[in-house]
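Two complexes come next, and they have one chain in common, chain A, joined by chain B in the first and chain C in the second.
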Partner chain A sequence: MVEKQAVLDIISAALKETLDQQGLPPPASITEDTVLVGKDATLDSLGVVSLIVEVEQALEQQHQVAVTLASDKAMSAKNSPFRTVGVLAEHVLETIKEEEEAARG
Partner chain B sequence: MAEERVVLITGSRKGIGKHLAQTYAKRGFKVEGCSRGDAGWEAENYTHANVDVADERAVKLWISGISRKHQRIDVVINNAAIATMNHVLLTPAATANRMFEVNVTGTMLVCRDAAKVMMRKKHGRIINFTTIVAPIALAGEAIYAASKSAVVTLTRILAFELGQWGITCNSFGATPILTDMIKGVPQAKVDAVVNTLAIKRLGTYEDCTNVCDFFIAPGSDNITGQVLYLGGIS
Partner chain C sequence: MTTWLLERMEAWRDAPALVWADVHASYGDLLDAVAQWQVELDRQALGAGSVVVIEATFSPKACALLLALLERRAIAVPVTPGQRVHLEEFQGIAHAQATVHIADDDTFTVARHAPTGTHALTEKLRALGHAGLVIFSSGSSGAAKAVLHDFEALLEKFRTPRQKKCVLTFLLFDHIGGIDTLMNTLANGGTVVTTPSRDPEVVCALIAKHRVHTLPTSPTFLNLLLLSEAWQRHDLSSLQVIAYGTEPMPQPTLTRLAEVFPNAKLVQTYGLSELGVLRSRSRPDGSLWLSFSNEGFETQVRDGLLWVRSPAAMLGYLNAPDLFDGEGWLNTQDAVEVDGPWLRVLGRVSDLINVGGQKVYPAEIEAVVMSMPNVADVAVYGEKSPLTGQFVAARVNLVEPEPLDVFKRRLRAFCRERLAPYKIPVRIELTEDRQFSARFKKLRSPTS
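Here is the complex of A and B:
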């Protein structure tokens, strides 16, 4: 079972790593309200791609969880599941739950 | 000791995929292969998985397992494909859809999930197999050729989307090789295709190894977005 705080830590680390790769400084603070995509976003579109992959890979390495965060459902949702750190964390937890249910068949 | 390089090869149960898997395993690469059924053969350095490349979840779990096992993927060879040689007037939609699912979506899924692992090392080589029957517009292979044309376009664009992470993406179309895939094609038709070539001979497994060697050579890190056809076809 992956706890929400662990997911938030992964997203925070992935965000710092992504910004670093783009030669950008980290934000003064990263909270659940930190905006990732859309107006006032911290990341550009390519940065979002990198962030999502970083988060997926960290979940895999640290928690042995294999998920695809950019699912059909996520990409067609009216409100982006990637818009803030907190919303993304909830999306990650939901996706892990769905994957566990799929694995149980 | 240098780290062992990891090669993924789809459709490795038989034919070209099996030859490439055995060749690279023999050379000391860690080879991870897959097909829809058991390999039916074993080799040192080779691991087989039963995976339908068109099954998104199965591909994800397969590549996830490889990532955990090796912490790296260096080369992907997307060889798995299905072909049904039919006149377009006699091709059911289900046949066409399945060909696109395996040949295009399957290739995309393996590229997608493997590239996520390659990104960590800022290095990777992707080789997607296409066919010369697309550029020569061979009658009787409309849907197969169309799906492989899609693979070429997919590969060219992947080259631009993944280049920033040091991942090269190229496609390769061999001349006809006598594998199970073309065993149902009449000999006269195979001969007619060979006669259109600059070098009038059937392709060989070694032709395929040669091209893959070229694409994965250290000096080929600036070769990307290309399609390489054999036999003078362009």
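Here is the complex of A and C:
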């Protein structure tokens, strides 16, 4: 079981890493409300791709769970699962749950 | 008529033709072996137009069989033991009548196959009364394509006499480059030195022992050669030409080669299973630009892709639609950049990565990553993303162990100064597996 706080920590670290890669300063603070995409976005589309890969790799390394966060289903959802840090964390937990259930059959 | 080749060989009877392990076969030995094969092929009733698979490496007997099939206008299908898992499939695609298996001790066995029909292109070749050659091209994706050549048309370019050289056959017996090396060397009275392995240490020892002049190879091997430092342990002063083709050369590897081999000419060749090897010359500035000789073939660039028209081009594929247009031009599917008479090969269109509509060629990114300290090898490929279509991913072999996080940060910082943001690898993985095929060609699949 992966805790929400652990996921938030991973996203926060991944966001700092991604911003650093793009040569952008880290935000003063990262909270669940920090906007990732859309209006007042922190990241461009390539940045979002980077962030997602970072989060996927960290989940695999730290929690041994392999998930695909940017699925077609996630992309076509009415509300983007990548809007804010908090929404993304929920999406991560949801995806882990779904894939575990699928694995259990 | 192909007898010109065998006639020429007669004039060199006492000269060394082939070095295979401890066996030194002279031109006379090869020609005698060809005569023996003719008796055997007659006995087997494998006449003109027969399709014969040769499962072998570059042994004297295998080379003689290839020449014997050429002389009797049969169709030769060279396959190496490494492809054994595909042997039955290849026999079927080529509609082979027989397979000659030549063992490591140069003894042979012949297996006959039940008739399985024929192919329209094979019939066309038989009607011409010409010898044939079938090459199975590995292709970067999917099943192997069977390329049917008019063997005599393919060899026509070797009629022009050139310098006699001692050449190491790095490329394999079933590879267009390997056949090109063999025939080019034999057509000029040179010596072919075969190698049992493509380990840099073994290759360098053979170059030193036999005073090899020419090494036709791939950028992947040259990179391995530099890393192994095998060149420091052997006297390679005989090397006059290092030729590399089969895939784009990373500029850092080329620059380093020029430092290590100041007396050898570095020559980029351009060859395809479908066309043979095209004569070209490299721009003298040590860059990757080349210019085609257009001796016996024509080249054109359409929409950034290289097209070639040549009488030596394949007749077509035995198991795929061909790539010719109505005027006989062949689409190489290689993207090129043009600078006056000079061309630079960017890579296969099928390897192209599309990041949100922007084109990325793996070779460019690989060249940058290769120039980083502590990088032994890298394969760059595209990974699917619903956001940008694809993004760039890199799988890296390190020289010394380094934590992934540290390496990732270092790679991105390095790339940021040298590449546009969309070209910088997003997914970075470390691997200890080798990232090239048995043919020393880079493997760029997302999962290896």
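Methods note: the second predicted complex is superposed on the first by the 105 of 105 C-alpha atoms of A that agree within 3 Å, B and C clash if a C-alpha of one lies under 4 Å from a C-alpha of the other, contacts with A are read in each partner's own complex, and residues count from 1 in each chain.
Keep this in mind: a contact is a pair of C-beta atoms (placed from the backbone, for glycine too) under 8 Å apart; a residue touches a chain by one contact, two chains touch by 3 or more.
No experiment lies behind these values; they were computed from the predicted model shown.
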Query = So if we stack both complexes on chain A, do chain B and chain C clash, or do they fit?
reply = clash
Request  = Name the contact category of A:66: first (chain B only), second (chain C only), both, or neither.
outcome  = first
Ask   = Touching A:53, do we find chain B (first), chain C (second), both, or neither?
value = both
Task = Go through the superposed model and pick first if A:22 touches only chain B, second if only chain C, both, or neither.
result = second
Ask   = Regarding the shared-chain residue A:45, is it in contact with chain B (first), chain C (second), both, or neither?
value = second
Task = In the overlay, answer first, second, both or neither for which of chain B and chain C A:102 touches.
result = first
Superposition-derived comparison: chain B or chain C, residues of chain A touched = C
Query = Shared contact residues on chain A for chain B and chain C?
reply = 50, 53, 57
Query = Which residues of chain A touch chain C in their complex?
reply = 17, 21-23, 45-46, 48-50, 52-53, 57, 61, 70-72, 74-75
Request  = Show which residues of chain A lie in contact with chain B when the two form their complex.
outcome  = 50, 53, 56-57, 60, 64, 66-68, 102
Touching residues on chain C, where the partner in the complex is chain A = 355-356, 385-388, 391, 404, 409, 412, 416, 421-422, 424, 426-427
Key: chain A partner contacts - residues on chain B that touch it in the complex   = 56-57, 60-61, 64, 67-68, 116-117, 119-120
